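Written out below as structure tokens is the structure these notes cover.
Note that the chains are named A, B, C and D in the order they appear, and that numbering of residues resets to 1 at the start of each chain.
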Amino acid sequence: MQIGLIGLGKMGYNLALNLRDHQHEVVAFDISAETMEAISKEGVATAPSIGELTQQLQGRKVVWVMVPAGAPTDAVLKELAPYLAMGDIVIDGGNSNYKDTVMRATKLKLSGIHLLDCGTSGGLSGARHGACTMVGGDAEAFDHCEAIFRDVSVEKGYLYTGKSGSGHFVKMVHNGVEYGMMQAIAEGFEVLHKSDFDLNYKEVARVWNHGSVVRSWLMELVENAFGKDPDLSKIRGIMHSSGEGKWTVEAALEMEVPTPVIALSLLMRYRSQENDTFSGKVVAALRNEFGGHKVEQAE
Amino acid sequence: MQIGLIGLGKMGYNLALNLRDHQHEVVAFDISAETMEAISKEGVATAPSIGELTQQLQGRKVVWVMVPAGAPTDAVLKELAPYLAMGDIVIDGGNSNYKDTVMRATKLKLSGIHLLDCGTSGGLSGARHGACTMVGGDAEAFDHCEAIFRDVSVEKGYLYTGKSGSGHFVKMVHNGVEYGMMQAIAEGFEVLHKSDFDLNYKEVARVWNHGSVVRSWLMELVENAFGKDPDLSKIRGIMHSSGEGKWTVEAALEMEVPTPVIALSLLMRYRSQENDTFSGKVVAALRNEFGGHKVEQAE
Amino acid sequence: MQIGLIGLGKMGYNLALNLRDHQHEVVAFDISAETMEAISKEGVATAPSIGELTQQLQGRKVVWVMVPAGAPTDAVLKELAPYLAMGDIVIDGGNSNYKDTVMRATKLKLSGIHLLDCGTSGGLSGARHGACTMVGGDAEAFDHCEAIFRDVSVEKGYLYTGKSGSGHFVKMVHNGVEYGMMQAIAEGFEVLHKSDFDLNYKEVARVWNHGSVVRSWLMELVENAFGKDPDLSKIRGIMHSSGEGKWTVEAALEMEVPTPVIALSLLMRYRSQENDTFSGKVVAALRNEFGGHKVEQAE
Amino acid sequence: MQIGLIGLGKMGYNLALNLRDHQHEVVAFDISAETMEAISKEGVATAPSIGELTQQLQGRKVVWVMVPAGAPTDAVLKELAPYLAMGDIVIDGGNSNYKDTVMRATKLKLSGIHLLDCGTSGGLSGARHGACTMVGGDAEAFDHCEAIFRDVSVEKGYLYTGKSGSGHFVKMVHNGVEYGMMQAIAEGFEVLHKSDFDLNYKEVARVWNHGSVVRSWLMELVENAFGKDPDLSKIRGIMHSSGEGKWTVEAALEMEVPTPVIALSLLMRYRSQENDTFSGKVVAALRNEFGGHKVEQAE
């Protein structure tokens, strides 16, 4: 199947190779000439602009957009839409906020263009060798593209989730769950680490991956990580985040769902980005005020 | 290898069959005559008392105790110890608190008896077809019994964790992690459930199990559960707990490890066991006091 | 000073009496004719419409709007603005979201109208006998109205907080703190309640209000509440919320501030509104899947 | 009334002066000769040892023990008990764990000695000028000493809470509530601090102390603290803790009471004592493993 692909970042690049391996005819575009040259050497066709990319697509056009959520996605859709006609299909494979997706789909629909929202999990290796995809949008458009989703995903690894926004929504919640699972695992290892026992964390992760209730891909990655750096002494415990965890908590607040574990996983990430906290200063000052407890002086 | 096995509950019964399948010569005892008869029909030898069980074991005796943590374990050890001699080995395969284990091991050591603490994960199917075992205690005693642990575990699924208590400690922390992972998954499905999207939870769990970052045995069990009852309408959301999650939080408090996710997973279980809360009454009363906000009358 | 007052709900009505007691000349309007008649009997002038209200105000007009946040506030401002001229001042004394306030102030500024955002705390008794007010907006407009804020507030109980939105923002955070304090107090009483000790909660609240570190107005209200209903057996522990707690958490997420206590206070309110939880069902189902633990059947 | 007082730390010293001011005849002992000399100059009698202290007391002896909880309290009680006779009364005014108190009371009772457990709040100024006291133990012993508690407390600031342990228990829960209230306040100020608004924190605390729902002694102390150091730049946000918060959470776990706010207040204190976290390293390593997200290198 012929597919336009806009965006060759870490995820998009791997996706291009994945699509190529499944005999799809990809025409790719990226703002980096260097990346375009690299993918070209891999046997993937490229186009020098979004406009020219669309001209290389025949019949009912399908364009997969794989760029960062928010403004970049808006910018690409704005540039792309005029080149598309009624019935054409845009797949947003990025981590867009599902509310943005609903608005974009409604707008594109006015021109008869379908937007499929495809939440993609599995990381870089997934994009390359078989991802997990959750797809929302018009059922007819999904049916037209189903082969694409089947081919880029691992076996049984794609799902049509329903109306517009549902794909990104399910992916967002997936990431919220991921935050909670990661924090749970991480807390467990900190308890092991601060105990008196002398444990080999890689071996613990290994045994937990064989037959235990917590066996999981994340635990396998923990095993890998400890295999490279036995007590992670080379890295700092600063936890960044990219948005979906926050959106999950925001959605939970909106629907009044108690999600303490997902919320705390997010808040501990924010905490990890602080060296010192204003809240801590307030508590320390208070303890000094009423009990004469010593405060630690700032340097 | 010849092994005495005391306790044929859900876990012990399956373990007996698992040991038998691996050509170990099991002599089992349980307080239930019915269970003894059942295991006997499966080809496992039984003894009518703990004393007679030990008499059927030759040479250096190895006895696996698989009874509930706390008083039952203490009672069995008290009855068993007089029948054992220097060098004999007791394996505590239950979910004992690791601090109890350290005390018991110290006490048995006075008589030259070794206590191996074996944390066992994997549930009933694990006990039957291959568990995950984490074993603490004297290295020499572990070496003597290693074949047992290798045989009852899945491949790569056993680990010698070090000194006495470490096996139960690692298992305890495993369960703490498990609590957090389960709550994270559960919160995610509640967010899905309360959204406007019309989702098939079994299918969501299925796709998350194929290629996504959160793929895990727990997610496979979620898929099974939704397969049987698509929106879990037949069961109530009351979450019981058996102790290890609580012990993990207590250990974390003792070592001053911040474990918000594991702690909240536990507290939400306690919350699920309350119909109404005294704390909620206090807040509702307060809102009424200062803002005239209506309270809901108790029936 | 002459003041138009729109909205005679629980807060507005008490505010009208408070202003009257301080010799301000209030012209009030409310959509309820009954309420208008009641306030009229209290010696407060009324006007039959917003338009006529503004006509009764001389010179530089000051109109205090005291209606629910959101759509009602927008509707009143839309109706009111055409009757105002450059330099006139609108005070929004409701619990508006500070972001809405910033947008409204910007829009009114185009017509030269000043919007002061006045966060008001202290509940009904505060509105009547002396509130706590936090006021944002143009400094000159605040200066013009300062006597009003001084008079309706307790001594030292008003503050000019800076640019537009800051008054509502400081009030919002105040409510976030209030949520946390209330939940902390409430949890404490639940611990007392579930203990073996036989405690008189009113007396505990009383002693905590005399000399202890936690003495506070909220604790005095707790004492009142237990005075009326010694173990709060007449009310259910369902905790509603009106928005500011949620907005505080949303603001915290936006600024990446770790606010676990405020967040959990909110989430426990949501939890209190559920009879059964989907998340609890998922955990119960999982425990059954792997450990054969019994689930409780839904009725 | 004649009272022996053992322990002249920050709290005990102020208590001695407080008792003296109320015409009680104090005989004090402390291990520090310097402190003994100082209190002596204040007109308080001293004794060179616990034994001699008891000899200076006539009739039914009352000894107030004001030393750190745990081993120091045990040591003092062990030394003191042999000098006491049936009917004599020991007051433990420290922050003992209520479970220890129950055991100690039971043991002293064997010799007919009464132990009153007196939880004391109000900080140093409370000990000096009027504290809040919560007293458990035999009612008859309390009656005998009631004048003492009335005199050292602010008006209405003492309570007989019931059987042994209840005084320390109520004080422990008080501190749990205090942790939660402090963290709530502290989080609020961090939200203010990270906002775009330019706020004077002392003034915000001042206005919140006059007429608002959150007015409280703690907020007054916040006002004091910001008065001395407007943005607390001189102190670090490291929050120590002395035990009661932890015990409150442990008691809550034991009684299965959901106390998320108190628990999180404690866990955030532990977090504040970490420079880097092992859990953060695990999450950062995981994000790198699956998504190629950069980790920050440890120095």
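Just so we're on the same page, a residue touches a chain if its C-beta (ideal position, glycine included) is under 8 Å from a C-beta of that chain, and two chains touch if they have at least 3 such contacts.
Since we're looking at a predicted model, the values are computed, not measured.
> Superimpose the Cα atoms of chain A on the matching ones in chain B and note the rotation angle, 0 to 180, in steps of 5 degrees.
180
> Counting shared numbers against all numbers at the contact of chain B and chain C, is it over half, same, or under half, different?
same
> Hey, which chain ends up farthest from chain B, C-alpha centres compared?
Following the centroid criterion, the farthest chain would be C.
> More C-beta contacts across B-D or across A-D?
A-D
> State, to the nearest whole Å, the distance from the C-alpha centre of chain A to the C-alpha centre of chain B.
Here chain A and chain B have centroids separated by 34 Å.
> CA centre of chain A versus CA centre of chain D: separation in Å?
For chain A versus chain D, the centre distance works out to 48 Å.
> Once you find the CA centre of chain B and the CA centre of chain D, what distance in Å lies between them?
38
> Would you pick out the residues of chain C that each touch at least 2 other chains?
As it turns out, chain C has residues touching two or more other chains at 122-123, 183, 185, 187, 190, 194, 213, 217-218, 256-260, 264, 267-268, 271, 277, 279, 290.
> Going by the contact rule at the top, pick out the chain D residues touching chain A in the complex.
10, 122-125, 182-183, 185-187, 189-190, 193-194, 217-218, 221-222, 224-225, 229, 232-240, 260, 264, 268-269, 271-272, 276-293, 295-298
> Mind pulling up the chain C residues that touch chain D in the complex?
121-123, 126, 130-134, 153-159, 161-163, 165-166, 169-170, 173-181, 183-185, 187-188, 190-192, 194-195, 197-199, 203-204, 206-219, 248, 251-252, 255-262, 264-265, 267-268
> Can you check the complex and tell me which residues of chain C touch chain A?
213, 246, 249-250, 253, 256-260, 263-264, 266-268, 270-271, 273-274, 277, 279, 290
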